[in-house]
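These are the structures in question, set out in turn.
Paired with chain B in one complex and with chain C in the other, chain A is shared by the two complexes that follow.
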Partner chain A sequence: MWRHLLERSIYGLLTLVLISALIFVATNVLPGDAARAILGRSATPEAVAALQAQLGLDRPLVAQYAGWVADILHGNLGNSVVTKGPVWDLVGPRLTNSLVLLASTSLIALPLSFAVGILMAVRQGKWFDNTANGFLIGTAGIPEFVLAIVLILLLSTQVLQLLPPTAVLRPGQTVLQNPQVLVLPVMTLTLAIMPYLSRLIRASLIDALASEYVVTARLKGLPPRVILLRHALRNSLVPSIQGAALSLAYILGGAVVVEYIFQYPGLGSALQSAVSQRDLYVIQAIVLIFAFGYIVFNMIADMLTILMTPRLRS
Partner chain B sequence: MAEIAPALAVEVRNLRIDMPEGGDIVDDVSFTIRAGEVLGLVGESGSGKTTVGTALLGFARGGARIAGGTVHVAGDSSVNMLDLTPQQKRRLRGKTVAYVPQDPASALNPSLRIGLQLSEVIEAHEPETPRGEIDRRIEAVMQDVGLPADPAFLMRFPHQLSGGQQQRIGIAMAVILAPKLIVLDEPTTGLDVSTQNRILDIVKRLCREHGIGALHVTHDLSVIAHIADQVMVMYSGRVVEIGRVETVYDQPCHPYTQALLSAVPELRYRTQLKAIPGHAARPGQRPQGCFFQARCPIATQECKAHPIAMTRQDAGHDVRCLKSGVTAIAEPERLPDPLPATATSGKRPVIEVRDLHVAYGAFRVLDGVEFTVEKGECLAIVGESGSGKSTLSRALIGLVPQQQCTALLNGERLAPRARDRSRQQLQTMQYIFQSPHNSLNPRQTVESIVGLVHDTFNRASRSERRQKIAEVLSQVGLSPDAMFAFPDQLSGGERQRVAIARALMADPQVLICDEITSALDVSVQAAIVNLLKDLQQSRGLTMVFVTHNLALVRNLADRVLVLNQGKVVEMRGVAEVIDTPRHAYTKQLLANALVADLDSRAKRSGEKECLRA
Partner chain C sequence: MTDKTDPAFGAALPAIRRRTFLAGSLALAAAGIVPFGGGARAAAPAKGGKLTIGVHGQAGFGPLDPHRMAGDIAVDLANQFNVFESLTHQANDGSVEMWLAESVTPDDDTAAIWTIKIKKGVLFHDGRELKADDVIFSIKRIREPGTISGGHIGPVKAYEKVDDHTVRLILEGPRSWLPTGLSDPYSGMVPADFDPKKPIGTGPFQMGEIVPKESVTIKRFDKYHGDHALLDEVALLPFEDSSALLNALQSGQVDIVNDVDASLVGEIEGNEEFKLYNSPTGKFFPIQMRTDRAPFNDPRLRQALRLVIVREAVLNSVANGYATIANDLYGRYDPDFDDKLSRTRDVEKARALVKEAGLEGTVLELTMYHDVATALVLAENVKEIGLTINVKQLDGAAFYNEEYMERSFFGGDYYPSGPFFLISSLADGPNAGLDQVKWRDKEYLDLWNEASKTVDHEKRKAITMKLQEILFERGAWIIPVYGNELGIYRQTVVGLPEFDQSGAGIFRSLARIGFAG
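Moving on, here comes the complex of A and B:
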C-alpha cells in the first residue's frame, strides 16, 4: 500500500511538472509580453527591450522556464506586473478565502448530498426519490450564474433582504469575520454539485442494495440499519469518493463565475482580473494552485478508495 | 394438522408464489423435512426450485410475491413464516431458518472481514452475548466446517480465501446459531468435485449432529445422491415426484424423473444418453393439464384435460402423474466401450504435442505435456481445477503466447500464437467455450455470429451464405429461423448449439471443447453430448474434450489424458482408465466421482416394481 502511495505521489509530481510547463508555454504564447504590459502602449522599443533584458525575457524559453521553476521552488512566485508587489502577497489572502469557501461548501454540500442520495436509494421509486430526483435534475439543468442571480433576487434584493448580495469587505477584514457573505456563494455551489453527487451516491447504493451480499445479509436476519450502514454503504462509497474529489477540485478551480458574480475575494475572481490585466505571473501562480488542488484531491480520493477496498489493500 | 410434531424441521403446505405481473411461478408445493434430514430439491433452470428455497425464509426475489400457503418451521404450527411482519421474519432468519447462498464469492461482503461476518449473526439475534462467548462460538463453528479459527484467519477478507473456504464460511454463518432448518441454494455449483464432496460431507454431518433439517436445492442429480435422504423433483413450477432417494432413483414413477435420470451419464459403463425433446413451458405459457404432456411419450388426451393432483404411489412416495409408474422412458441402452486404440495404426496423428511447457513467472502451469490425437478420436482431458487442463486446450488453439512446445497439426508445425498460424490451420481447429452465455456477442444475431466465420473462410452471395448458415444450424438441431434471434432470446442449450454451429461453419477437422456442458442442465447436456457423438460419426471429427466430469468422459471419449499439476499422470483408453486406474491421482479422482455416482447410491435392478404396476 505504501508503495502504491509513493507511486501515486511520483505520478502526481510528474503531472504537476507537465502542467507547469503547459502553463508556462501557454502564457508565453499569448500575445503581449510582461515588459510591454508593464510599460504600457506608449513605451519606446528601447525601453521595452531594456525591461525585457532586466526581467530575463530575452533568454531562451527553456532557460526562462527553468528559472521560473527554480524561483517557485524557492517560494518566489515573482512580482505582479500590475501592483509591482510580490505575487504571493496578492494570491495568498485570495487562496485563504477560496479555501474558506471550499471548506464551508464541503461541510454543507457533502453531508447533504450523501444524506439525500442515501435516502433516495433507500426509498427508491417512492415519493421522496421521485421528487428529489426531479428537483435535482431541474437544478442540474440551470447554469450556475443563473442560480446565483436567482438566489440574489430571492434572498437579498427583490423578495427578502436577508443577506448581502456581494461579498464586498471593508479593508483589513477577512471573510471569516463576515461569515454572512459566505452564505450565497456556498448555497450556489452546493446546488451546483449536489445533483451530480447525490445521484451518483443513489445509483451506487442501489447497486449495492441489489447485490448478493445484501440478500445474504437480509437472510442472516441482520437489522436494516446494519445492512444499510455496514454492508451496502461501505461498498457504494468508493465511486462517491471519486465523485466528491472531482467536485471539490471543481469548486477550488472552477468557481470563477460564482466568485465573480458575488464579488467574492477568492482565487477565481483574482484569476478573472489577472487575465483582464494580463498579469502573467499571477495567472501562472493561480493556475498552478488549481492544478495542485486537482492532483491532491484525486490522490486523497485514491488513498481512501484503497483504504476502503480490501482487495486493493493487499 | 395442528398437532405439534417436535421432529419436524419444516412443514410446507400449498405454497404459491406469483410473478410481479401475476400468474404463478410455483404453486401447490407441499413437503415436510424432519430434523436431521436432507431433502434434495432438483429441477432444471426455471423450474422454480430456488424460489421455493428462499420462500422458506419468507423471502422472494425480484418483485415476486409469496401468494399463499403455509410454512411452519420447527414443528411450531402456530407460526406461519409467510404471515409474519418483516420484524418477526427478521428474528427467525439466520436464527431458526438459515440460508447458504449459491455463489459465496458474491454472497460474502468483499469489504468485511470474515470474523465480523460471522459474529454479526450472533450480535443481531442475541445482542446480550458477551464477547468471549461470541469468540468461543466462532471457534466451535469454524472447527465444525474444518477451517482454522485463529485470529489471523478470521481477520481475512473473502478474496483471501479459496472458493471452497468461502463456501465453508457461508455454511458456518448459517449454522452458527444452530438453526432448525437450513436452505442450501446450489452451494457447490462451480466448485470442483473433490471440494464439492468435502463441502457436502460437512453439510451432511452438521445436519445429523445438530438435528438440522436441510433443503438442498440443486440441478445436479448426483449431488442429491450424495447428500439427500429424500428427493423432490420440480418441473415447471410444480412438484412432480417426491420420495426417498433410493426409491425415486430406483423406481422413478414420473416420466420427467425417468427422463432426467436417463440423461445422466454413468461412470461404470457407456450408455446412449436420452435427451428430452422440446422445452419446459415458461410460467404464463404452460399447457392445460399436465405441464409435461407436450414432451411426454405416453401422454394421452386425458393428460391434457385437467390439472393433475399429487397421488400416493407408496408410503412417502408421491407422484403427479395419471400414468404414474408406467415406464415412459426406458433405462438408457448400454453401449460397448470403444476398442482401446492400437498404439500407432501407421497413420499420422492429427495432433502431436511434444514437451509442452507453460509457465507464468515461476509458476509452472504445464510441465512437459506430451500426447497425440488420432484422426476421428475423442481425447478427454481431465483433472481438478488448477490442474492446467484449460490452459492446455487454450495453448492448443493458440491463446497462450507463453507456451513452449513442438506442436504439429497434420504434420505441420503450429505457431504458439493463433495470429501466427496459417489460415488453413486456423480453419482446421475450432474452439468451443465453456459458457455460451458470454461466448456469443449479445448484440449480434445468430446469422451474424455464424456468418462471421463463414465470411472469414468463404466468399459467397447473400442467399448462398444464408443457405449455408441454415444448413449448419440444422446440423446442430436448430431451426433455420434461429438465425434471426439474438443470443438472449435462446436458452442455454440453444446458445451452446449456436456456438457449435459457429465452429462447424469453418468445416474443421478438430473441435476443442472446454467444459462445454458444465453450465447446462443435465437433459440439455445429454442432447449436446449426443449431438457431438453424431457429428463425430458423420463428419469424422477429431475432438479434444476438456472436462472434470468423469461420467461424461466415459460416455464420449475414446482415450483419457489425466492431468495433475501440469503433468500427464495417465493416458489410456477410457475403459481402462476408469475401470483400472493406475496412478494414485486418477484413483482419487474416481473415488470422488464414485461418491456422487447415481448407480452406486441406488443400485438399479433389472426388475422394477414400477414396471409391474
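Moving on, here comes the complex of A and C:
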C-alpha cells in the first residue's frame, strides 16, 4: 500500500508539471497579453514594450516558464501583473473561501446523499424511492445556474427575503463571519451533486443487496440491520467513494458558475477575472490548486478503496 | 473657484453660505437651465453613514495611479473629484470652472505663457498644503508618456515657480483653451512625493482600504478645503455579473448600482424602494474608420455609412430609449457645440456615394469590443447600399492586441462626455493622443492650430464651429447616439442631481449625497 501511495504521488507530481506547462502555453496562445489588457487604449507600441519588459513578458516563453518553475520551487508564486502584489495575497484568501465552501458543502451534501441513497435502496420500488428518484432525476436535468437563480428568486429577492443573494462582504470581513452568505451556494451545490451521488449509492447498494453473499447471510438468519450495515453497505461504498471524490474535486474547481452567480469570492471567480486580464501567474496558481485538489481527492479515494477492499489490501 | 455646492441642495440647508449660494445662482443664470430638480431630494441628506456602490466590472487592482487608465473602476471613483481633484473642473452643465486653481490666465495674446494661481489653504490628506512644487510635479507627471491626459496640456517648455501659490507654464506652442485642458479628471493634483501605493490627493474623501478585486473604500476627509462630504465612507464593490449586482441591490447589500445597463432598468420598474438615476450625457462609443488607407481613406465611403445607419434603431433597440440621437459629433455639452448640424438618413445618397467611389460589393470587417449591438444595426443597414459588414467581437485583452493600431474599422472604445478640444486632442488633433483614425486633414489641422492661438472666445468659437463642420462632412467617426448615464439607487439615498452631462454624475456627487435624515 505505501508503495502504491508513493507511485501515485509521483504520477500526481508529473501531472502537475504537465498541467503547469500546458496552462503556460495556453495562456500565451490567447490573443493579447497582460500588458495590453492593462494598458487598454493607451497600448501604444512604446507603452506596451515598456510594460512587457517590466513584467518580464518580453522574454522567450521557455525562459518565462523556467523562471516561474524556479520561483515555485522557492515557494514563491510570483507577482500578479494586475495588482503588482504577490499572487498569494490574491489567491490565499480566495483559497480559504473556496475551502470553506467545499467543507460546508461536503458536511451537508455527503451525509445527505448517502442517507437518501441508502434509504432509497432499502425501500426500493416503494413510495419514498419513487418520489426521491423522480425528484433527483428532475434536479439532475436542471443546470446549476438555473438552480441558483431559482433559489435566489425563491429565498432572497422575489418570494421570501430570507437570505443574501450574493456573498458580498464588507472590507475586512470573512465568509465565516457572515455564514448566511454560504447558505444559497451550499444549497445549489448540494442540489447539483446529490442526484449523482445518491443514485450511485442506491444503485450499488441494490446490487449488493441482490448479491449471493447477502442472500446467504439472510438465509443464515442474520438480522437485516447487520446484513445492511456490515455486509452490503461496506461493499457498495467503494464506487460511491470514488464518486464523492470526484464531486468534491468538482466543487473545488468547477464551482465557477456558482461562484459567479453568487459573487462568491472564491477561486473560481478569481480565475475568471484573471483570464480576462491574462494575469498569467494568478491563472497558473489557481489552476495548479485545482489540479492538486483533483489529484489529492482521487488519492484519498484510492486509499479508502484499498482499505475497504481486503482483496486489494494484500 | 466658483461653486462647490449643489445650489438647490444648498438652499435646503438652514445655514446657507451666502457667497456659495450667489455664485451658484449666477452659474445657473448663465447656463440658462436649472440642472437640478426636486425629484431626487425628497428629504435632506443627513451627515454620516456608509454608502455601498456596486459596479459591473473590475476594481481594486492595488496601487492607484490617477494619471493612467488601468481598467480599474477605483481609479474612476477616485478621480471624479473624490480623492483627486484637478486645477479646473467641468461643471454639470458642461462649462469649465476654477477648482484647485484660483485663476488660469494667459500672460499675453500668444496663448503660450500661462499663469496659474493656486487656491490657498488646500490640504492634502496628510495635512500638507498644496503648493506650486506639487502643481509643477503633477503637471510633469501628467505629461509623461502613456498617460491619458498629457495631450490636453501639450508640450511644456518650462515650468516656473513664481511663488508658493503661483506657477507659470511656458508652453511649446499656443493653447488658448488651457483652462479646459487642465479640467480632465485624469489630471488630478498630487503631492511632489506622490506614491501610488499610498495615494493621497486633495479631495473630500481619502483612500481607505483596498481589498484586491473585492472592495475599495474611501473615507471622508475632515480638513477638506470646500464643503465637507456628508457620508463617513463610500465602499465600491465590483461585480462580475450584472444580475448578481441587481440581486445585491434588491436585498440591501448595495445602495447604488452605478452605470447600469439599459436592458436591466425594467427590472425595478414599479418597485417603490428604488429610484432610477437617468441623465442625458455626452458620452459615446464611436465606430472608427482609419483615414490613411483604403477603403476608408475615401470620405465618400465614410459619409455613406454615416448616412445609412438608422440612428433611431440604435436609440431604441440598443439603448432601450435611454440615449439621445447624435450626429457623429462629440463635445455635446461644450458651450461651443454646434447643435445645428443634424443628419437625416438618406439611402439614395449613400448608395450613390458608394457607387461613385466604385466600392459596391465591398466586404468590410468591423471589430468590436463593447457595444456590439450598434455594429449589428450598421451591418444590417449597409445591405441596402450594396456593402457587407462582418462583425467580430473581442474581449478587452484581444481587442487591444498587436493589431489594435492596425485595424481599419473598429468600435466599442468608450469616450467620455467632455469639451470639444479634450476629445479632439485625443482623437483627431495634431499629434492626437490616441491617434486611432490617423486623421491628417490639412484644412482641419490648420484651423485647429488657429483655434489654439485664438484667446478671444467669440473668435475661437467661430473656428470651433468650422472644425465641427469638417467633421460632420468627412469625419472618421460614426457616433449614432449619446448614451444616458443610468443608475439605480435605494430611495433612502438622497441628494443625487437630476442632471450631469459628464456621464459620471453619481461618482461626481458623492460628496453631496447621503442617507435621508
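Heads up, the rule we're going with is that the second predicted complex is superposed on the first by the 288 of 314 C-alpha atoms of A that agree within 3 Å, B and C clash if a C-alpha of one lies under 4 Å from a C-alpha of the other, contacts with A are read in each partner's own complex, and residues count from 1 in each chain.
The rule we apply is simple: contacts are C-beta pairs under 8 Å (C-beta built on N, C-alpha and C of every residue); 3 or more make two chains touch, one makes a residue touch a chain.
These numbers were taken from a predicted model, which means no experiment stands behind them.
By the touch criterion defined above, A:90 reaches chain C but does not reach chain B. In the superposition on chain A, A:230 makes contact with chain B only, while chain C stays out of contact range. When chain B and chain C are set side by side, the one touching more residues of chain A is C. After overlaying the two complexes on the shared chain, residue contacts for A:308 are found with chain B alone; chain C is out of touch. When the two complexes are overlaid on their common chain A, residue A:285 makes contact with neither chain B nor chain C. Once both structures are placed on chain A, no chain A residue is touched by chain B and, in the other complex, by chain C. Here chain A touches chain C in the complex through residues 30-34, 36-47, 50, 80, 82-85, 89-90, 149, 152, 156-157, 161, 164-166, 168-172, 260-263, 265, 269-270, 272-273, 276-278, going by the rule given at the top. Contact residues of chain A toward chain B in the complex are 211-213, 215-223, 226, 230-231, 234-235, 308-311, 314.
Of all residues in chain C, only 54, 58, 61-63, 68-71, 145-148, 208-209, 211-215, 217, 235, 237, 239-241, 243-245, 247-248, 250-251, 253-254, 394-402, 404-405, 413, 434 touch chain A in the complex they form. For chain B in complex with chain A, the touching residues are 54, 57, 59, 61, 90-95, 98-99, 101, 103, 106-112, 120-121, 124-125, 157, 159-160, 170, 173.
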